[in-house]
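Two complexes are shown next, each including chain A; its partner changes from chain B in the first to chain C in the second.
Here is the complex of A and B:
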């Protein structure tokens, strides 16, 4: 780090104060976690050392998906497989297009290179939202009505299985019948949703629909990536301690609980007495909760509250190269920094130094 | 600093050594006995067994496929511990940190992750880098990816492009070798095929499994990559599949090839239950074909989870999931299937699998070609290795286990009639010398001067399970990391890979392929030194010639 003397002293003093604050804490939570894989790994090490908890700002959706996985499993398809091989894509709810406005364009390029199963013309079905513009080579339809999104998913699921059900809305019935038939006759139908938008029972309905379809044909689910490298952080937590985010290290064995270890709840109830808030991804920001003395690691530090320790850090993928979850490869990839800035420390640097300072004091 | 391990029984089959003697370590390497100098540290290891650090040549310990298993089965260590397996009941026990610790405690110092997905190589390498103590290397999977299949369309490879593509993939993922899993089968699954055998054609590409494996054998041989293609055959786990396995071995045309976890292909279909031991037939073929090496994939009773790139097979296996949950991830190339499984000693089929694995070990003419593995976690968790060594070294132990399996399993297997007991030297071959040689990791697996300072010391005792569960001492690159079965120092190792070189044109072609079909730049999933902040994390091994 090429730094001027004054800034260096300022950083050292902030690190000392952060170590003081966290060293005293009974049960700190490390939240936000808008950071790269190296930052997440360092956060997990620190949480374990402190006997605290880790959460991510997108933890609600991530935890739901994790629980469905633990309870019954999953049938995901990669973005590349869906783009190249799905003949029918069902977009469930508004979440997917809000998360990725270019989703339809990237899933349906004008020319397909790879062979795909079946010879259906490709089609997208919007469930619970209006049609959006689709390329000319793609058919599209929308299923809406007065029914809620969970109801629509349940109705479509019943239709796919050819289960009898009654609805008064004739127009909706016709649309559901058509969609059900199309999905049954698809060579590869894929259901796309945002785990932050739909609840677990709805996810189970979609999963069971896919499992019904795969008895005879090919089908899958694709979830849109969580904000703030949520999927990457969640994976890192899983390979490190065997559990997803919203995990506590307060006892001998790490413990995951989507409700108990949510940052907001821990702060509101006072169960957590310190917060480490991490918000350091290029082009994204997380809304910081209030309620406990906080160590803020941010690439765009705002105004500090009294008692806070604020450390300005480099932004992942902005100031430094970063390993992040990348939707187009449905996995972790490396993103080169836009404009390298070696003056600011990374989240991983800062968390590692704080952990070392705490170790030195306990020695 | 010069370290002397004094007076132990030194087992080093590479140098045909099995005798009382000393081992010296200096600056992280094994050295010859110095003529005049006094050692700085002396450890009296009288009455103990001294071997090179063990090498696991096929264990799924990292990558998006393994982590999918962790996501599905966080309770695995808890269930395994409840069933009496030697593991702590914590989800963290199969996390990356504990993986390194447990391996080191057993005297393992190098582990090969055998299934890196090319587009997810960064995750695999980051996970591997977070495993302490052990050195690692990874095999990268090809053979169901559309680039390969396009090159082999209609069964013909075009010029050197496949060779360049293999070399580029090895380079891009920093892999030590190539893995081929159910060649063509996972792609066929994407076209809704549910079975796929050696001479079936991949839909849309018209190339057979046989042709894919042959082309890969040739490419890897031409590139002088020390490790031959590491092949997971078709028809895994199906009664009567020993015929496919033998046909596959016979199809190898004398070129080097490695067959993974062959226990899962050692099934006949004789007897009243339509399931019998195919081990004699299989081992006849293995013993005869000296170009082929195999690892066993031993099964042990208890809860585990199966993680595999053979999604066609895993999809079929979902019906026997226990607990009843499963995940099939349909990704680029092979994808991943995860199915929890509980091997039961009272199950006829499971007991047969267990017996067939041991038969394979014990029917091997040449232990240098029949290597130790459980295909962790597929056949058994790696923490079960000491029990397996015990079974191989002690026929009375086998009798005790056989008493506990169904009568029919004793009848349709041959294990009860085998009296062979493996020696320490043979154990050292299948867990040290042979895996090192097979991987091209010539600096380890033995205790000759110049070898890496990886040494495991065990207290000799009749109960081999106890003996091998916790090494008395383990040195990793000359550092004492384990004492009395517990890690006393946490270090981090290196990752070994090959760099066979390629025509730079392939980079442009691959870039354009990914851009056109995926809207992706290959640099996004290329492994660079930047995946860790440890400067010397990666090391290249020499090519064969």
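Here is the complex of A and C:
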């Protein structure tokens, strides 16, 4: 079922109107992209056909992470490795626990499945946030102070390297000394952060610390998954066209530009003259920007009542089985539908039909 | 021979990729050929002739008039000759250039002088984020040449810079000199937070004491630096009114990483 300017309309009519709108657009952007892998793949095909751009609602963090990985590389650990083998986990900032409130419980189960290196009792260090409740068998400490999060990361990095730095706060100094010693003596230290929360130079300092530690022991990073299957969509974009999200298909070859192809900026400046907004994941919602005629594909019509063309779609993992990025396996897996509903089309169905309608008009 | 002039006819409804409008590409082309060059960034084809009035002949001396912040990549990969811009410019002015001079009378967007290896980019007013930083697809920022910014600079000025000199007349944004490997920034109006974050080597020269200094920079005291006098002489020779003197407080950092960089605060 679809809605047209707030009134009930047939799906076919909505699809025709969407094809009209997008077929005329000079530079459409496909944003939000809260969808499964099939939806993302169909969005990339449509973007190429339209000569438009693709972006994800979590594009800022995804772009930062992609740039860091491309520029210097990184040493990520999988969720399972961290859970089973890390003896020290450093949680940087509030982002990781805001993204996943059960993160600590998941990383520190009462029973470990695999032998763990070293003799240290497991410990979690909260950097830039207060301690949260941890299981009894896990030590925890918090490093906070007047210093900002980037300063705390730099101070901890300097302490791990045992280089000279100046701070007057003696309590903070004591905590940093203790944490630095603990990290140096760890068999496997892992730094957990949210790419959307910390700036690139800060991420690089964390990675430099890891590179320093791996000269003598084992260390890694773990980033929390982006919302809305962001990591899955980003991977799908990369394996499809060789570039992450925030890529344009307007010219002969795809062009990635994290600044130029950001949805909000494109709409604010009027450079994009049409938007396809996709918000169709079970349990998560993306905030839709405004500023251009929009085709909204939403699994919750209430979220998008003011769109020019609104098409109600099935929710991935709610109404239909879906391939999604799953943090616990650090990869893409199939998630069974909560309650199968074949009455509504999937995002991939709708985008493919719109592409076919545009092809038919151009034929 | 008169300069080759491009005068923007109207505000474009899309960003323009002006990277083809450099001397080595335009030399020997007729006006007809030049006007046929595509500069569009959407599927709606736009040529030089659609967007600009074209006059003059000398492709070694290119002038742009009436440009705005949608005019991207002016002088990108420039290998010689001069470009003068009477107006604002968009992203990546002078990015990856190897030689020549670009003078911008207005402000510039992001990535001005990104990954340039030689030549001179002079921006009279402000520059956006990541000036002298790494261009898209590059692993290092500016690798040589001179970038001068008369007004303020955005965040991440000189990020991952490898060589070269940047002079900012106004204030630089946060993370100025972030992750620099080498090269020199002269900051005449101070900087935002986290200047020198992740600095490996290279010099940040402040003509005034910055408001915030990272705790991972270590004070080495006030010293005499002959090279500041040499730099002052060189900058004056390049037409800049600047006084550096020979004394400065030296702070070594960033101790969070390699720690072989320096902040010099003129004393």
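Everything that follows uses one rule, which is that the second predicted complex is superposed on the first by the 349 of 363 C-alpha atoms of A that agree within 3 Å, B and C clash if a C-alpha of one lies under 4 Å from a C-alpha of the other, contacts with A are read in each partner's own complex, and residues count from 1 in each chain.
Quick note on the criterion: a contact is a pair of C-beta atoms (placed from the backbone, for glycine too) under 8 Å apart; a residue touches a chain by one contact, two chains touch by 3 or more.
Source: prediction; values computed, not measured.
Look at A:335: by the touch rule set out above, it reaches chain B but stays clear of chain C. Of the two partner chains, chain B is the only one touched by A:37; chain C is not. In the superposition on chain A, contact of A:72 is made with both chain B and chain C.
Contacts of A:240 after superposition on the shared chain: chain B is touched, whereas chain C is not. Once the two structures are overlaid, the count of chain A residues touched is higher for B than for its counterpart among chain B and chain C.
Contacts of A:202 after superposition: chain C is touched, whereas chain B is not reached. When the two complexes are overlaid on their common chain A, residue A:83 makes contact with chain B while staying clear of chain C. By the touch criterion defined above, A:257 reaches chain C but does not reach chain B.
Chain A uses residues 70-72, 256 to touch chain B in one structure and chain C in the other.
Residue ranges on chain A touching chain B, taken from their complex, read 37-38, 41, 66, 69-81, 83-85, 106, 109, 111, 113-115, 117, 187-188, 214, 217-218, 220, 235, 238-244, 252-254, 256, 321, 323, 326, 328-336, 348. On the chain B side of its complex with chain A, the touching residues are 62, 64, 66-67, 70-75, 77, 88-97, 117, 119-120, 122-123, 126-127, 130, 146, 190-192, 203-205, 315, 325-332, 335, 338, 513, 516-520, 523-526, 528, 530-531, 533. The touching residues of chain C, when paired with chain A in their complex, are 13-15, 40-44, 70, 72, 91, 110-111, 129, 134, 136, 139, 156, 159-160, 175, 178-179, 193-194, 197-198, 214-219, 254-257, 259.
Against chain C, in their complex, chain A makes its touches with residues 26-27, 50-51, 70-72, 147-148, 150-151, 153-155, 157-158, 161, 163-167, 199-202, 204-205, 208-209, 248, 250-251, 256-260, 270-271.
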